[in-house]
Amino acid sequence: MKKTKAVLFSILIILFFFNLSFPQENLSPPPPTEVRASDTQNDNGHSITITWKLSGDDGAGKKNVVAYEILRSELPTGEFVVRGMVPAGNNTYQDRGAKEKEDKNYFPPHKDFYYKVRAKTLNSYSESEVAGPAQAYGEWFHLGKLPVFVGTLAFTIMVLAFISLARKGKEFYVRPLAGIDAVDDAIGRATEMGRPILYILGLGSAADIATIASFTILNRIAKKTAEHKTKIIVPCNDPIVMSVAQETVKAGYLDAGRPDMYKEENIFYLTSMQFAYVAAVNGIMLREQTATNFYLGKFYAESLILAETGSVAGSIQISGTDEIAQIPFFVAATDFTLIGEELYAASAYLGREPLLLGALKAQDLAKAIVMISLASGAVAASFHLDFFLRLFTVQM
Amino acid sequence: MERIGIWIAALLTLGIFSFLYKDNPFYKFCESLFVGISAGYWFVTTFWQVFMPKLADNLVAGRFYYMIGAIFGVLMLLRLFPKIGWLSRWSLALVVGTTAGLYFTRYLVSNGMIQVQNTIIPLYVKGNLSQTIGNLVIVIGTFSGLIYFFFSKEHKGTFGGLAKLGIWFLMLSFGASFGYTVMSRMSLLIGRMDYLLGTWLGLIR
Amino acid sequence: MRREVPLAITAIVGFALIIVYFIPHPPFNHSRDFFEDLFFIIAAFAIWLGCLNLLKVNADKVYLKKKGWTFSIVVWFGFFLMVIVGFWEGRGFMNPGTTFYYLYDKLYYPLNATMFSILAFFVASASYRAFRARNKEATILLIAALFVMLGRVPFGYYLSSWLPEGWRLGNITDWIMDFPQTAAQRAIMIGIALGIVSSSLRVLLGLERTFASGE
Amino acid sequence: MNFLEKLLALDRRIIFLFIAIAVALPLFFTVKLHIEVTPVVRNLHNALEALPPGSKVLVSLDYDPGSMPELQPMAESFFRYCFMRDLKIIIIGLWPNGPIQANSALEIILNEPDIKKKNPKYGIDYVNLGYTAGNEVVIERMGSDIPVTFPKDYSGNKTEDLLLMKGVKNFNNIDFVYNLSAGYPGTVEWVLFGVDPYKIKLGAGNTAVQAPQIYPYLNSGQLVGLLGGMKGGAEFEIATGKPAKAVKFMFSQSVSHALICFFILIGNFAYFATRKKKGA
């Protein structure tokens, strides 16, 4: 036994020194080593991840490895079938399959599988040892989303904490917001002039967050108009939005103690067509000579047409949207604009309801945390420390 | 057939454009046609691309829990009957809940955490002055922009100065979006003009 | 019943969706897709509602012979033209060569595109009549807009070709887009993210409940 | 009413007329304009140049005819470039209309003399896998299995039977992804659900309205390059040395932008001049 080994070894040495006989291309590359197969983390249980150490001829040695093939079998000695291929230089592969049983690429969870990795050159290959068994199974918690989970939990707790503080009667300070301060003046102006107020909820559906925020603002403004005995017109472009708007305004009038003054016909559905709707609203603006126009909610291309008509008609205009592409037109053509987040905050401002203010405070605290992380993170990153970066890194 | 179609399309285009001069029956006709056609178009599209694949196909495949969608959808239609119209609130509530639930994580991740993650960048890049300045501008701009959106402190003193800087950054970016939006609208008009003058009249090639 | 049930539905569905976001294990991993499907299905019914509304309004106009009732007939005609052809074509209704595609290409598309291209005219009119440098903020906005509008077309090159390379209008626009613009976009995006997260939570907790008010 | 006040009260139809002329008239002239290729477009072009012939490029067309003037020239110039460079094209759409747009772009490109000489064949040089519903979920599913996500191509052939799709399992076998986007789902979804988890190389073309919101992803390196609006399309045409539609329209675009700028300046000048007078 020892003798044969010694003989083989000397042959190898001779071959090495004289470097002859075998044409190099026919030599298969050294196989990939340390092949490991294990369940893919954070998935639904239809995938196994395979890792290996690169073949000695990949990027080094003869540099002739072009790809790796990944083979799978249900038995360690069984028939291996090719599951996929990756270019040279890669050392991992996720073997995935479908989740539906009827799919022919179905990947059963909780079943043993064995893997081999094959290093390929242009005309030969070599295979690694068999790895496994490995099983695919689904996890109950996605670890890559841990930062999101922490964020969600922290934010929810902050909101609840501030709300309970507010319930206990704690007064919160919020800075003045130009667009909000203008609301009272705008309503006063309409009253003085004896002209109506126009309120546009935008093109969003009743489920859009911007529209929901706008409903709350409408409720407060309706209350104020009821107190001032000023007419408010709310043309809608969605039947559902209209019926919610009617309830909202009615509730505002009720809050002001003037339910008798509520007129349902002033809150009406026009049409769902974007441009037809705008044309009709423009008509209302010019016919009714509205003193103040509110545009709060989701707005698209029509923002520009509304703002121009109102501006030329000489109305005071207060606008707000979270559609970033439309904010510029509102800023340039209306008197006051609630930019993005300010729109959501506005409902808390106008109502001064402690509950809503509490949520706003939680938002501010979150923002402060973000700003501190941002500033310290950037400083840390300048010294090549990535602690803060990892706090915010989410794996999908 | 193609030629007739081009004529129809061109005339409809002119009909809409005629509104720019003044409202007229020709425009009214085109607009009404547009209202009808687009409602029909969406009706058919949602039927074949939502109704069939998402509802009917799933029910046929034995996934009967998709009936929930049909039930809540029908509840939505009850709005047409004033007496039981309030039931449509249930479907609205489902839609609102879904939106809020999906948006919560979607926005927290893509608009929130990923943007923060991308803004944590080195303030000093060795041997690259313009990148260093650029990174500084990004960090300062994002930071001061957030200061502007901070509601708990009055914009006074240093804080106020930062908020002011923030709003300038915001305005610069709105100006840029403004320019780009104008660009888009002009491109659309160029497209229509090219259709009228080229495809229809053959005056330009 | 009328108020509590909707609020409960919203809260249960919303919080469930947030929780399953973190669970990759079946069957929870599909539940988000399922609710998204539900969302689309209900939205499809809502489009029916909108269409029925449209037909009813226009039928009333014809019936009562209101002003412009003849145009209401055009609305009906357009609607049923698309619907009949669309259903007749079946699932491949939008493949090139079908009648529906022809109607789409020769009626819907030109009308839609023209409607949007009209905005180019309104931009012009608004830029003349309404876009005012009414304060410092609006002034910065308008100046940046001028830079981008000129810097993004070849004219900008001719206007500033006398400047050294790297300082021309195009370069300045690139710089604005790459750095201050990006920074501000991020601030707005983060702000909106917090706003949406907080509003969603308020809705789910039943604090913002206007949508559930009603008949 | 003095001159300035009259100027302010100008009938808007006169302004409309100016715009119509500013857009239409330049279409009649062929002017050779100097179009500089900006770094974001240059980067995209360089990334494409680095692909060896035979590389597989996935093209996702996520728009409808509403954005045709801006995005269709980009689709055409990209297909032309791929055929000339012998890059293999795999077309999909996250919007129902995307694959239809691709077909109408291909129809034009395949009839160009240069391309005709190359004679690209369906199934070998390009495939159109059509549309699948599901928005960003489609991207996620493609990460595990493209043939399962798109079992049949646009004309109903089995995806597995297409020669080009042999060996294409998931994003591992795709060398570059090019996305033309007009909104949701689009470039942002490709970044979040394609680039981040699967490390794909992504380049994009966007409508000008969208473009500013995409820039944050360029800066962070998640996006290789971006064509913004018709100007971006024109730059790409120049970079590839094949000026086409977008370049042709640049003259109109230039004149109309200049006119808008002029309107803003005049409008503000007249407004402040008359206001000052009233104030005094």
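By written order: A, B, C and D. Residues from 1 in each chain.
As a convention for this text, a residue touches a chain if its C-beta (ideal position, glycine included) is under 8 Å from a C-beta of that chain, and two chains touch if they have at least 3 such contacts.
None of the values given here were measured: they were computed from a predicted structure.
Participant: Across the interfaces A-D and B-D, which one involves more C-beta pairs in contact?
Facilitator: B-D
Participant: Return the distance between the CA-based centres of chain A and chain D, expressed in whole Å.
Facilitator: Computed value for the inter-centroid distance: 23 Å.
Participant: Find the geometric centre of each of chain A and chain B from their Cα atoms only, then give the gap between the two centres in Å, rounded to an integer.
Facilitator: 15
Participant: Multi-chain contacts in chain C: which residues touch at least two other chains?
Facilitator: 18, 21, 36, 43, 46, 49-50, 54, 94, 105, 109, 112-113, 115-116, 118-121, 123, 125, 127, 129, 131-132, 137-138, 141-142, 145-146, 149, 152, 177-179, 181-182, 185-186, 188-192, 194, 196-197, 199-201, 203, 211, 214-215
Participant: For chain D, what residues touch not just one other chain but two or more?
Facilitator: 16, 19-20, 23, 68-69, 96, 192, 196, 209, 212-213, 216, 219, 228-229, 231, 253, 256-257, 260
Participant: Hunt down the residues of chain B that sit against at least two other chains at once, touch-wise.
Facilitator: Chain B, residues with two or more chain partners: 20, 31, 34-35, 38-39, 45, 50, 54, 79, 85, 92, 95-96, 98-100, 103-105, 108-110, 112, 114-116, 118-119, 138-139, 142-143, 146, 149, 170-171, 173-178, 180-183, 186, 188-189, 191-192.
Participant: Does the chain-touch network form a line, ring, star, complete graph or other?
Facilitator: Per interface graph, the chains form a complete graph.
Participant: Report the residues of chain C in contact with chain D in the complex, numbered from low to high.
Facilitator: Of all residues in chain C, those touching chain D are 33, 36, 94-96, 101, 105, 109, 112-113, 116, 120-121, 123-125, 127-129, 131-133, 142, 145-146, 149-150, 152-155, 157-158, 161, 170, 174, 177-179, 181-182, 185-186, 189.
Participant: Quick check: in the complex, which residue numbers of chain C touch chain A?
Facilitator: Residues of chain C touching chain A: 18, 21-26, 29-30, 43, 46, 49-50, 53-54, 115-116, 118-119, 122-123, 125-126, 129-132, 134, 137-138, 141-142, 145, 185, 188, 190-192, 194-203, 205, 207-208, 210-211, 213-215.
Participant: Which chain B residues qualify as touching chain C in the complex?
Facilitator: Answer in residue numbers: 1, 5-6, 8-10, 12-13, 16-17, 19-20, 28-48, 50-52, 54-55, 58, 65-66, 68-70, 72-74, 76-77, 79-80, 82, 85-86, 89-105, 107-108, 110-112, 115-116, 118-119, 133-134, 137-146, 148-149, 166-176, 178-183, 185-186, 188-189, 191-192, 195.
Participant: Given the complex with chain A, which residues does chain D contribute to the contact?
Facilitator: 140, 144-145, 148, 167, 169-170, 172-173, 192-193, 196-197, 209-210, 212-213
Participant: Quick one: which bits of chain A touch chain B in the complex? Just the residue numbers, please.
Facilitator: Touch residues, chain A against chain B: 147-148, 151-152, 155, 172-177, 205-209, 212, 239-240, 243-244, 271-273, 275-276, 324-325, 327-329, 331-332, 339-342, 345, 360-361, 363-364, 367-368, 370-371, 373-375, 377-382, 384, 388-389, 392-394.
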